[in-house]
Structures are given as structure tokens and as C-alpha cells.
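Before anything else, here is the set of structures, which you'll find just below.
Next come two complexes built around subunit A: one with subunit B, the other with subunit C.
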Partner chain A sequence: MAEHPFPDPALDRLSAAGCFLDIFFAVWADFEAQVLEGFESGECWRQRVRLGAFAAAGWLRDHPSEARFVFLETLRAGGRLQAERERRLEKLVDLIDRGRPLMTDPRPHGREIAVAVVGGAIGLLVQELQKGESTARVESFVPEFMYMAVLPYLGEEAAREELSICIDNPRD
Partner chain B sequence: MAEARNGTQDPSPGLVRLPPGRHGLPREVVAQNQRDRLIAGIIATVAEVGYNDATISNICAAAGISRRTFYTYFRSKEECFFAAYDAIAEHVLATVREASAREGSWPQKVRAAIAGALEVFAANPDLARFTLIEPPRAGEKISARLRAAGDVAVAELTRGKPKRARTISSDVERALLAGMAAVVSQRVEAGRGGDLLSLQPELVELFLTPYIGRDKAVAIARD
Partner chain C sequence: MRLPEHLKKAPVGVERLSRDALSRHQRQRIIKAAIDVFAKRGFQNTSIDNIVAASEASVGGFYLLFDGKDDCFVHCYDSVTADIRAAVAEASSETSSWVARLTTAVITILRYAEEHPLPARLVLIEAQTAGPAGVERYSETMTGLSRALRGGRELTSRGDELPPRLEDASSAGAAWLLHQRLARGEAAGVVELLPEFLAILAGSYIGEAKARAHARRALSAKA
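Coming up: the complex of A and B.
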């Protein structure tokens, strides 16, 4: 058998798994950049989360195939991709967890609330994708997501306000 | 199988292999033992390598049963998976119902139900891996079973909810449950499945707050 002309690292890049991983990195980077841009444009944590959530929903609406790839197809992939996916989701958890110092009571809340908020939204998204639903529907869920995200940190009144936020003008 | 107080059984304890050769046991006892061992085998195998990489040979090896005997009971890996999933769901549901039946008010019932489910998964984290972590990775048909189980869980948790409790949308209810599953899954994936019960206060507060407000939810969760 002839010696393979490629050195190992290049071979890895050319393998199906390496290619899959590269595409995942690129697509996720695009998604994350849009979410972070939305998040950073806000003036307070609550507004930042809202703008980040609308940015995420906008990306999902505009990139249905990519959304299916990064959120659904990667679930079926192997260990390394799973780990990379989890590591990136943790960054989103960090954004929600930044609300922890805003809590008014001294109870020792852990990071679990933020994990549940992000995990709940992603879980719902995956369910919708598995049912073949359009990613455009995600935008209409943002007020309810905000209700879930704000409630544990800022309480009922602030959370209820999120349910009536105008989708066309999320900064208000 | 090890029988729990509620009469159902953890579907994946170390099942006893019957002695080889003539043992004089009735045919139906042997059949039940073999089927139970295959169910325990698929739970252990899926926990170890995941559903997609689990093979019928792996499952049979874990169960100590021949491939030929496997096909006596199941037509496919998927069919075996569903049998195991249903057995676990029945066990969790019975545990949850028994726990909540001992409580008076609806929020207390929710707390007991969540504690019951966490106890089952803490006693055997493979069951959490099998029912919560693997299904979304295993294709549409198996994922659909997880969604259906989620609907049952929401119905169970909200059963007996007082009329004065706030109404929240079904999307939020599903997201709450998915969020709780994400927290449990993360802990199991981190190899801390035995410590699941410590999540009880956070999960109870998380689930109850939209219905009864944070103060009441915290009081119940920390009681």
C-alpha cells in the first residue's frame, strides 16, 4: 500500500469528522457573534438578555439549515463535538448567570438556575426542530423565554413586563 | 429485579443469571428473567457507549444472553430500547405518585414528586442517562418518546394545581421541564449523578415560582 501523502493533522482536517467539526465551529461562531452583539448593546442585564435573545431568534429565523445543524444534528455526533457544543452552551449560561448578583435575597443560588433557563430554551428549540417546525416561530417565544429568565433573578413584576415587550421594539 | 416500595422495580439492577442446565424453574420465570436481563443490558450499554453506538451484541454480552435469544423477545434494538424506556417511566411515575400522595397541598406534592424522581435517578444515574440524555441524540422516533414522557410529567406535576395558581403557557411549562432535565443531565454527565438530591430546592423553586410566586415557592423549596 502506498504511503499516504498527507501528514496526520491535515488528514484529520480532511476526514468527515474533522470537516464536521470545522463547519460546526464556523457556524457557531457566527451565531455567537450575533448573540453577543445583541447582548452587549443593552444597558442593563435584563435588557442585554432580551436583546441577546432577539438576536438569537433572528439568527435562527434567518439560518434555518445552520440552526438545524448546530442544535440538532450535532446531538447525534460523537464525543468531541458533543463536548465542544456543551462548552459553547456554557458561554450562554454565563450571560444568564450574570443576573445572579442582582437577586434581592441572600439565598445561595447556584449556577443551576442559569443552566435551567438556557437548557429549557435549547430543549424547546430541539423539540421544535425534531417536529420539523420552522425556526421562524422561535421569535414569538422570546417574551416567554424572557419571563423564564427574569423571574428567578428579578421577580414576578419584572418578569410579567417581559411578556408584553413589543417584538418590533425590544429595546423598550 | 429489586422491588421498590411502590411495587415497581428499578429496571437495571445487577440481575441474577439463572443457573445453567436443568433448574426446574417454570418457563415463564425463565422468560421474564431473560427479558429483564436484556432490559438491564440495554440500559447499561446505552449508559456506557450511547444509543447510537450500542449494538445488539453489546446488549447481549451485558445481559449474558445469546443474540438468538434476544430476537425471541425483541425484533430490534429500538424495540428493546422502548421496552426499557417504558419500564423506567413506569418505575419513576409510581415512585413520584407514591411520594406526592403522602403530601397535602399541591406545592408540597410537587416538591415530593421532584424529590421522588431525583431519588430514583440518584440511586441509578444510568436511568437518567437512558431517559433524559440519550433520546435527543437517538433520532426522531426515540426523541418523540421523550417528548411524550415530558407531556406526562407536566400533567403529573400540575395535577391538582389549585384554580388560583397562575396560568402559564404550555411552551413555558415544556421549557421548565426541559430546563430541569438539563440541570439533572449536566450533573449526571459530570459524574455527579449520586448527588442529584441536592438539586431539589433549586428545581422545586424553579418549577413552582411561575405558578405561586417566588416567595411561596422558596418557602416550600427550603422547608
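Coming up: the complex of A and C.
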């Protein structure tokens, strides 16, 4: 008998891997919703990215166990979860990549810069989690993240301004 | 007449290898096979049996040389990174400036990833899934990269004002970009992304346009 190309999701959920995947989907959806809500509340791309980044940092601060699960534990999971994780990260890459049309000369830029910006932020977060640091610290890294996100699209002056943004009043 | 000792008859091609040499040879054989197995199956899905079968060794022979799967992985990781370091050192022996050294190092790493996607995958993807020892090795590599990048701060008068973790983020970003290509099986042509990699790694120090121009010159010179 030929193998069914689409495994029954109900059966899949009964396995540990399926359960792990379900939890990942639910936790990530919550994280993503908060980031998108922050992003959409901004008026221009730069402010949107900043508010999205603060929303992400706020979620990480408030959900330390979930943060450890989605960003650290999933690294040890199988290929399917890795692929799902990557697919979801692409949505965050899209948000950064929306800065491309704002550049004076967007021609030399590809999506790769946005991939590296998101990858750099995730890399730093994973390093923190691996060191056992508290996710509450992440908020203080937002200005640095903003520097790196803004630099390729809006230039050095705009990027430096982000370093002096007040954490308590990120809208300004 | 008696022949001198060194001219006496001896079987040809069956010189006895020392126990150490045999053990080294066997270790290298297992490492070579294990790199491919880890990269193809993933660390979590690789068993000692898989490695033993691929290297045509025995389980007993494996455990004489390695403490277990984690230890074997670490040896694989060290072997690949040693190869990459040697290739970078050889390629950059004649370059002097920081930007030229960085350009040469990045192009060498990208070329390595293009020509040896499985070992590159082991270092960039599997190490992070390989338990504490693998994660520690990966962190050491990233710390080394980050330290090397900090040299770029001397090229700008405002180097002290740059974000303290800039190099950690830019090296992690560049590693992620390569990680993605390898994970998707798109290592071919990755060298052409040199302008993007240099913009990410050196853009903060020399400006993005200059970084890209360096990359384009390097690509046309090496073509």
C-alpha cells in the first residue's frame, strides 16, 4: 500500500514531536501577534521597527520560559520544526525588508541584509539564553538592534539617533 | 659477503605502522565519515551505528578513539574549523590591511561552503543542536569572529561610539545568512553574495558603498 502523502494531523499530535510542534505554533503565534501589533502601531517604517522591537523585548521579558522554548529548545529539535521556525522568521525579515524602498539607492540591496539583521538579533538572543541570562535584559539591547536595522536602509546618522532613543518613550 | 642491514630483504609495502599512526589513521577515517553522517542526518538523528557503518569501523574501535557521539562531533567540528582556518591563513598571507584581510577571509569561507557544503553545514547548523560541547565550540568560533571584526573600529574616528555588541550581532547575522543558504541546500553561488556579507561585516566601519566596492573588486580579481 502506498504511504499516505499527508499524515493524519490528529495522529501526528499524539507523538512527542507532534506535541512539541503544536506548542511551538501556539507560543510563536502569541509572540508574533505582539510584535505585529507593536509594528503596526508605528507611523513610519523606522518607528514601526522600533515599536515592533520593543514589543518583542516586552514579550521576551514577560515570557521567559516560552522564550527559552521557542528560541533555544527548538534548536535541538528535528528538521521539520527547524523549517517551521525558519518560515516564521521570514515574516520578521519581511518587516525589516520593508525599509528597502526608503533607500536613496535600493538597487545594490537584496533581502539578504534584512535576513542578517534578524539573524543577528536572534543570534544575540540565543547567546543570552545559552548563558542563562534573564530575558528582562533584552529591552536594553533594542537601541543597538535599531542601530543595526536602520544603518543599511537610512544611513549612519539615522542609525546613531536610535542609540539615544529613550527606552521609556520609544515612540519619540 | 654480508649485506648491510638496510639492504637486507624485506617485504615490500607492508612496513609496520606504529600503533599511534594506525590509531591516527583510524580516527581520521571515522571523522571524515562522521562529518558527512552528522551533516546529512542531523546530530540528533545520528547514532554511533550510523557512524560506524559509514566509516567501516567497529563499535569497539570507535569507543577506543572517542568517548561517544558528542566527543566524536567535537572532533569533527575541530577538524573542519582547522581546515577553514588553514585555508584562510594561506589565502590572506599576502594581504596587509584589515579590509583586505576580512575580504579574503570571507571569500575563502564562502568558497569553502560552496565546495564543501556538508562540513560547512556541520559547523554552522548542526553544532547548535549538538548539546553543550557543540554549543560551546560554536560560541568560541563566534567570539573569535566577533573579536576579529572589532579591528574595524580603528578605521573610523567614531569607533568608540559604535554599539558595544555590534560585532556580536554582525557576525551572528552573517552566520545566519550562510546558515539559511546551507539549510536550503543553496550553497552553490554563495560566493556571489560577497558584497552583502562585506556590507554586513564592514559597513559600520568603512561605509556600505566602500564595503560593496571592495567585494566587487575582489570577486573580479579572483574570477
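Following the convention adopted for this analysis, the second predicted complex is superposed on the first by the 161 of 172 C-alpha atoms of A that agree within 3 Å, B and C clash if a C-alpha of one lies under 4 Å from a C-alpha of the other, contacts with A are read in each partner's own complex, and residues count from 1 in each chain.
Just so it is clear, a residue touches a chain if its C-beta (ideal position, glycine included) is under 8 Å from a C-beta of that chain, and two chains touch if they have at least 3 such contacts.
Only a predicted model underlies this, so the values are computations on that prediction, with no experimental measurement involved.
Partners subunit B and subunit C clash in the overlay (superposition on subunit A). When the shared chain is aligned, subunit B and subunit C each come close enough to touch A:123.
Once chain A of one complex is fitted onto chain A of the other, the partner contacts of A:148 extend to both subunit B and subunit C. Of the two partner chains placed by superposition, subunit B and subunit C are both touched by A:75.
Once the two complexes are overlaid on the shared chain, A:113 sits against subunit B and subunit C alike.
Of the two partner chains, neither subunit B nor subunit C is touched by A:36. When the two structures are aligned on the shared chain, A:23 is found in touch with neither subunit B nor subunit C.
When both complexes are aligned on chain A by C-alpha atoms, subunit A residues 75-76, 86, 110, 112-113, 115-124, 126-127, 130, 141, 144-145, 147-148, 151-152, 156 touch subunit B in the first and subunit C in the second. Note for the complex: subunit B touches subunit A at residues 52, 136-140, 143-144, 147, 169, 171-172, 174-183, 185-186, 189, 199, 202-203, 205-206, 209-210, 213-214, 218, 222. By the touch criterion stated above, subunit A contacts subunit B in their complex at residues 75-76, 86, 105, 107, 109-110, 112-113, 115-124, 126-127, 130-131, 141, 144-145, 147-148, 151-152, 155-156. For subunit A in complex with subunit C, the touching residues are 75-79, 82, 86, 108, 110, 112-113, 115-124, 126-127, 130, 141, 143-145, 147-148, 151-152, 156, 160, 163.
Subunit C makes touch with subunit A in their complex at residues 42, 44-45, 128-129, 131, 135, 139, 142, 161, 163-166, 168-177, 179-180, 183, 193, 195-196, 199-200, 203-204, 207-208, 212.
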